[in-house]
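First chain written, first letter: the chains are A, B and C, and each begins at residue 1.
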């Protein structure tokens, strides 16, 4: 168990309090005990922080001042790790503690895996049971394929990737370093492209072969059951540092910039280009062939059907929920909204006479 | 084949008609034949029931009265199973017939499964091919893992669970008795939590380790490709008796109460608490950190962005669809709706003068 | 590498230019080089086509005329494949080129597959590693199960199907010829049907056994992580020639007609009948028990809650997104929209006096 001063030094925080205290884990404010560290990043929770039984607290300088003047805090033997960005310091410290207890994956290829002889697998990799690795696949050092996943021909996963069970990676997928891919994710399935052909037999949808691939940068996380399609002729691209939640759908030839976050159930239609540092809420969706400026924020459940050219704006389009009876009334009015405007114009004109 | 009187006794219905008739299955009103039983639970379908060729009919006392007075029915040799709640009696009778023809899973561990020696697997369990069971997993009696699923370290599935192929259960997941988990479900993947850090290298999202687990009660059904994330520090919780449809996303630290139903493609964002006996329509979604009262009904495709405190209310927020041309007109007006209200206020004020 | 005249003959296009030129692939207008063919199907891109370095171009007669009169084109040695429907000709030609480089699946059953002895598997089939094929399954000639998929009892896949890794096909699923099923798809999981029973123990949802199956026609494509539930008593049906994108949810007893396209994340609730030749946008959803006429187009993100009886109409219900601040204002007004109408009526009446 590390001491307070060891943690403070490792995570570049200033320590206020007893240096030799030892901690064994992190916990939320309301649950943390004397051997645990918690954090305060939102001043809204200052009172909860003051009342917490946490033995250690990661705080900003401003919050430290508040807490030191607060009676509940004064009584405690608590130590403070003072950091500019307590949430980030908490995250890094939590990673440190998590690493101690997280499962380790021993290097080696499980006898129940099937690996094509032309694949290149460093001896430092872990390949679990029921993994199928196709011809000419290349893995980087220490990459872990936990089990039951399939990696198609010529795909590449660079070093230190972690692939959870039941992931499907199609051929020609390039994945950078330190990526995490959760169960059920499907990367590189065919994009949805068909040409309508009307012949004597009637309407028929002729498949456009999807011959592009998928290129994913470094430090990308891909959530459970998220699907990222391969490009039609060129690649679908996910920039480095982008984090994608569960059940997100990314269509062919989409390009997502760097360090974006895309929350669960969002969907991005074909050929749309998302800029860097965008924040996309859950269940938001984008029409195809749009261009979205850097640092755009899109609220959850919002449908974007036009390009956004000005960077840094926040867009929302959530239809407000109401009691069902009120909705029935309002929905009927909405259908005839243009009549309301016409009526108003008429009155207006009339009134002016 | 059971007789009418045997079925009536087993399912606590009053029998009206010939006791010795035998039935071999259930069928919808319009398809049922003399050797089949159908049901009438919605008076709307009384005429269809009267005209049905079903040899047996599960009905309420009120509907029996109607049918007995109806010529088509009078002519038939049909028997009636009279029950207070015909739909429930039908469901239980259907389970009885389905059990006779459903596949049975012989006890034993398939030679193509990989089971860690520290896992506890009763001899009554069925473990199919390509199943991977990690260290210290505990299964209850008669639990069936059909095949191709992965169960992570220290997870528990209590007795009489049924897990269909290609399910991913991460470490530290606790699942109660008699749960059914459909293919593609992912339980316990990391919640979506990152702290933004702006450094010289630009914006970076630092992963918050997700060290909580998932706790699922008894008699829960989880649909195909549904994802339930593990908690950040404490657990994500699903109450007993709750039924979840396909492609539902349940984020970290969500708590769902008892006996809720959640229809397909619904999504619940992080830390939201859903009460007991709630009914959530398809593709409905909830923002994070909300509290939803017991017995709340949320219509399909509705986005809930505020807590609901009064129990038993029905909320809706479906934007009404219309012909595309009408929509183009109305959507433009909606963007300037505040101007309409201002105009109206202006007229109003003016008029009052 | 085929020559221009060979391609023109095979794909029934008129060739304009040097017959002996050879091509090795297709590419988008802006990337294509002298050894590549591109296409122009939308007059909007005429200028880009004129400027393209493509050695061959598939064009309509009208676009050919434009291009031949355009200086950039005149200078080039480009050949033209003139076709009535350039997009379809491109699709078919692209299939031809793709076939040359796409992976081939050798006939045979991988030693790491588990196939029930009662299953019928023609010797022309490819069954990859970790595939589990249940009792009485029947496969057609040349059907390929790439790997890690599970096919339940008595299911049928006709000839020339292609099933990517990690697909779950439950029992009693019938799939026609030349179907393509992408990773993570789940076909035949239980529909979501429960009867509410209120007893002394409280509310309980009693499962309705889902004893119907799934019937899928010929030439259907099913996207990654799409789920198609089995019927409650009769079958869920997908018509021939229908193409379904990723993460689409199709509930029990739905019927989808022929040659429909259903884009990603769409959802169709139980017992809804979709006609033939319908086009359904991404993230659109349908309430249950509706009937949708042939040739209906539904925009992305649109919720259909009533039946559509007139064929060939286009419906939309997308709530327009706006800057977050404007949305906050408008959403509040929307909740009181009925009051605006009342106020207007009042003014109107007053004015008329």
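Everything below uses one rule, namely that a residue touches a chain if its C-beta (ideal position, glycine included) is under 8 Å from a C-beta of that chain, and two chains touch if they have at least 3 such contacts.
Composition by chain, UniProt nomenclature: A, B, C = UDP-3-O-acylglucosamine N-acyltransferase.
Note that the structure is predicted; figures quoted are calculated from it, not measured.
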Just tell me the minimum hop count from chain A to chain C, counting one hop per pair of touching chains.
1
Is the contact between chain B and chain C built from the same residue numbers on each copy (over half shared) or from different ones (under half shared)?
different
Between 0 and 180 degrees, and as a multiple of 5, what angle does the rotation take that fits chain A onto chain B by Cα atoms?
120
How many angstrom lie between the centres of chain B and chain C, each centre taken as the mean Cα position?
26
Multi-chain contact sites of chain B, meaning residues that touch two or more partners
112, 130, 148, 166, 184, 225, 247, 265, 318-320, 322, 334, 340, 344, 347, 351
Residue positions on chain A within touch of chain B in the complex are 26-28, 31, 85, 87-88, 90-92, 94-95, 97-98, 101-103, 110, 112, 128-130, 146-148, 164-166, 180, 182-184, 219, 221, 223-225, 241, 243, 245-247, 258-259, 261, 263-265, 277, 282-283, 300-301, 318-324, 327-328, 331-332, 334-335, 337-338, 340-341, 344, 347-348, 351
Of all residues in chain A, those that touch chain C in their complex
112, 114, 130, 132, 148, 150, 152-153, 166-168, 170-171, 184, 186, 189-190, 192, 194-197, 202-209, 211, 225, 227, 229, 233-234, 247, 249, 251, 265, 267, 269, 285, 287, 297-299, 302-305, 313-320, 322, 326, 329-330, 333-334, 340, 343-344, 347, 350-351
